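In structure tokens below, several structures.
In what follows, subunit A forms one complex with subunit B and a second complex with subunit C.
This part shows the complex of A and B:
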């Protein structure tokens, strides 16, 4: 995203520059990019390439067999693995289940605290606080909140005469408990982007809508939300990446259980590689996840660019 | 942060080489996990320092490497990067897999160099530990600390329910009977941890107590899930939840079970003997411990860790590592570590020492745990240990959530486990002339 932005700006500079200085300037962007490109190649693209190669090979654990080229065999194996399919399905439920409430909450928070008064500054801090807690620490906290019968959640439910389920131990509920924790953790963070986005919504458009007699809901629906589309696209990309790459809480709370009910793709990959000695399968699953992420990012970037052109 | 640590390491290295002439000493890496708490890491560091000061030939660099799982991961990563640790304190049931993957080496050459035999070397270790120390008839690990499951119960609850706290349930029938009397309101008569790892261990305890074997101790390609002993154990768990209603539905992790026990929400719990010190320090009301109740016979699985050596080190480093292992697994070191941690000392001779006798006299709960040790059996360790264990755990968790019946659960677990072990079976027992 930042790369695309940078080159775009530099293209602009180039177009405006006088022809004599053109060649030197054409090298300049690459020179500027070189340091980050070097690190990207070393620590991102090379490992990805290695994983790609590894995904075509298989070395059966503990049988003394040599490493053999299996083509797409690892991919077929992964796709046929019910545990992978469940992890993928869980990840989908998890992504949608987190994304929708998080976005709604983040926008609601942002609308509530966008004016800079002393009170809203306090509220911003309150809403933002969960983002400051590391995910591992948050998960450890929620372990005690979710404890059946003795946990904080059940303690308060008991006060109003309700008894809670086994939050993390019931296979129908566990994933939703993990989703709840993630919404709590992320909403405040995305609020920041929406606050920034709201500053860019043209005041005169809103005022024009008010003069035309649009009520608060109509202003939100027809003026503010469309203007926020690029922000939303950006937040969706970041959120999806986070939802696929953060499994700290799963490791702390359930390790994918009960019966794989909270197993997510990244944790499945971890299990394949480090518990089951199936490096080829882990590599194939990694690449498939990366491909999905890439597709989502590209799609959203396109939406974002369109949005930026439309409203910029 | 990694760079910082590297920098520190380099600094330490240069300092160390300045302080000690390199030619007189062999420097070796030792990775160790601490499953319980930071206190233990300090004690281990103290022991290593003691060893380094006691002699001049070997200098051990001890690294604390997190949990059992993390330690396995880090040791394998270091080996892949060409810097294998010499000695690792490894969860004892990883030995089969690590031998098969070629990560750890046989200790037989060291025994030969010492002019001793495996039988002689293992003689002083509790018999139940021998199977986990050997793979395919060769010594691969030296037991260091061990545990078994144990029944903990709330003495006050027993009195309230009209039960005699000096007569804890000895059989499954007595346990169900007691649990029914103990269950009241939101208090459960019985609870057991059912998260991954712990559940497999406890299901082994229940199937062993039911006369079963769980896995083939001599051959890594066989487990006994779809057998009467495991079926009975699974049905017992199912009945505790749905028929007798003395255990809450669903999965509770170990932390949830011990918290429920402390809070008086569970009257009897199955937990590790390794939790003895933890329970002793945190339980506010009187409690006592007893053997794991039996249906057919008294039997519990061993858990714990042993010292292994990694492949890829040179002769000199191997010799130094072995020397360190022998010191760390000596009667005195093991005894001291056992008293400090609450784990068993794997050597029988550790319990003949006066300081150990005094300790046992002072802690009667440790005595019960020790008395159960002669009934201990090996810890499951197969080809693909973790995945094969998980095959059963996923099914039992489904059963605990009311999604499956016992018969179906053990059948599906067996099918999955057989699939997982198939590649190994095909290159061993199914490979015919």
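This part shows the complex of A and C:
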């Protein structure tokens, strides 16, 4: 019986005497939600409405000119902007380029460290640790790693007689360098979910498969992977949200360059608003990325809830 | 038996190699931060500690940035966000877990929306709101968008749902008001949930960069990550790699130490978190 039910019974006895208390209790849930709702309205719901409205207006910065209604003008401007197209395309390459290796590595790490030995514990810590440091700090480290000639990467490549490209300066390479950093940063985080997921794979199914003569690859392919499908779906959703909303490393390492090669959607938005003061464009681009985020997640809301519950 | 041992040894060797590769950025930071400047920049990348360690890089890092101020500001943001969140998520989590009311499911999904529309996606309109509230260039402006937490509410709801109802029913029959039940009965039992949430929240806000970068303009209000980013870009020309390594280490150190001390708790919290990142 719920607390509300219990108090309801009590109220029933003295119903005539305390109608005020009863009404107060009926409002209690909303009063408890009010502090959260206040901030959700201010910083989650209203911003979406606000950005929707702002995306229809042109608000010139610093010229004193009046705000004018431009309809879909900002959208047209953004969609025609080569930098935006490049950022959207980069973000797609970045998302797929990070997602595939991180998922594979996360699962491989989880399989490798799932036994509870000391060695496994050390490995777990090593693989997880990058996801604990600020993305800015990771960017600072990789700033040195990617440094031409004297950096960590080139220094050791030279030792084995290789010379690397200009990791961050070459526009064909830079995005892949940023992808490499992100894979290093995120794989250990997703590993945790696979470790938790692996504990839910029924042992007897695996043993039955072994008795039937299934080799390690077949056990992985036909028993473990299907059992991990909910974990994978969950990880894909949170990974995609992360890959659309984290650009700290781009700000520190490349500023979207060289020639927009590492420009990502959120960086484009940041730049439009914070450096170029083109609010209309920033608003239109924000709304498009909000639409993408919603499209990714609304369809998978149930997966998210189930996944989070399963791991709880 | 022998056929089984050889692959196991190979696997262990392979794993060690991958782990070394994974740890090498941190190994380098650690070694470079203790390397004397005189070693020159040519051998700066060496992972071999062939020198007498010095603390000079740390002193230079502390002198060149206002690290004390950055630590204080970051601490204020982290503690301030967490303190308000503890109140908002406990109350909302309790309402969703224990009370029945019209519109509960709709409101719950409205909360969950924040898991997708994460604050970083809304930096542009949120900055306008912060300006309207006269919170631009203030630490409360950095904190405000995080005062409500869908993840925390969800986590506390799950925690409360898992608790037996006997205690609170007994308290209710004794005439205890709802707040006494939450404060004296439920919250003490929900401590593991709150701690898990605290770990995820503190980590997220200690590490945060983009939003404070937008909100803060004066040097006095900068947080650690903003300081480190400025520091990194400043090092570009200066070649003071040892100092940069020391500075990075200073920013990472508090969380790293906490992680090593409470590893199990951290890992469990992050597995539960999933969404916050």
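Criterion: the second predicted complex is superposed on the first by the 254 of 312 C-alpha atoms of A that agree within 3 Å, B and C clash if a C-alpha of one lies under 4 Å from a C-alpha of the other, contacts with A are read in each partner's own complex, and residues count from 1 in each chain.
Going forward, a contact is a pair of C-beta atoms (placed from the backbone, for glycine too) under 8 Å apart; a residue touches a chain by one contact, two chains touch by 3 or more.
Predicted, not measured: the structure shown is a model, and the values here were computed from it.
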**Prompt:** Touching A:89, do we find subunit B (first), subunit C (second), both, or neither?
**Reply:** neither
**Prompt:** Touching A:170 in the superposition: subunit B (first), subunit C (second), both, neither?
**Reply:** first
**Complete:** Of the two partners subunit B and subunit C, more of subunit A gets touched by chain C
**Request:** Using the touch definition from the top, say if A:148 reaches subunit B (first), subunit C (second), both or neither.
**Result:** first
**Asked** With the two structures laid over each other on chain A, which partner does A:274 touch: subunit B (first), subunit C (second), both, or neither?
**Response** both
**Asked** Does subunit B (first) or subunit C (second) touch A:222, or do both, or does neither?
**Response** neither
**Message:** Which partner chains sit in contact with A:47 here, subunit B, subunit C, both or neither? Use first/second/both/neither.
**Reply:** second
**Prompt:** Considering each complex separately, which residues of subunit A are in contact with subunit B in the first and with subunit C in the second?
**Reply:** 143, 150, 274
**Complete:** As the complex stands, subunit A meets subunit C at residues 1-7, 10, 25-26, 28-30, 32-33, 35-40, 42-48, 50-51, 54, 112, 119, 122-145, 150-152, 154-156, 184, 188-189, 192-193, 195-196, 234, 238, 241-242, 244-248, 251-252, 266, 269-270, 273-274, 279, 282-283, 286, 289-290, 293-294, 296-298, 301, 304-305, 307-309, 311-312
**Prompt:** Which residues of subunit C touch subunit A in their complex?
**Reply:** 11-12, 15, 19, 22-26, 28-29, 32, 41-42, 44-47, 87-89, 91-92, 94-95, 98-101, 104, 107, 109-129, 144-145, 147-150, 153-155, 158, 165, 168-169, 172-173, 178, 181, 203, 206-210, 213-214, 224-225, 228-229, 231-233, 235-236, 241, 244-245, 247-248, 251-252, 255-256, 259, 263, 266-267, 270-272, 274-275, 277
**Request:** Would you pull the subunit B residues touching subunit A in the complex into a rising list?
**Result:** 69, 72-73, 76, 97, 100-101, 186, 194-196, 248-253, 255-256, 259-260, 263, 265, 383-384, 386-387, 390, 393-395, 397-398, 400-401, 403, 423-424, 426-427
**Message:** Quick check: in the complex, which residue numbers of subunit A touch subunit B?
**Reply:** 60-65, 143, 147-150, 163, 165-166, 168-172, 254-260, 271, 274-277
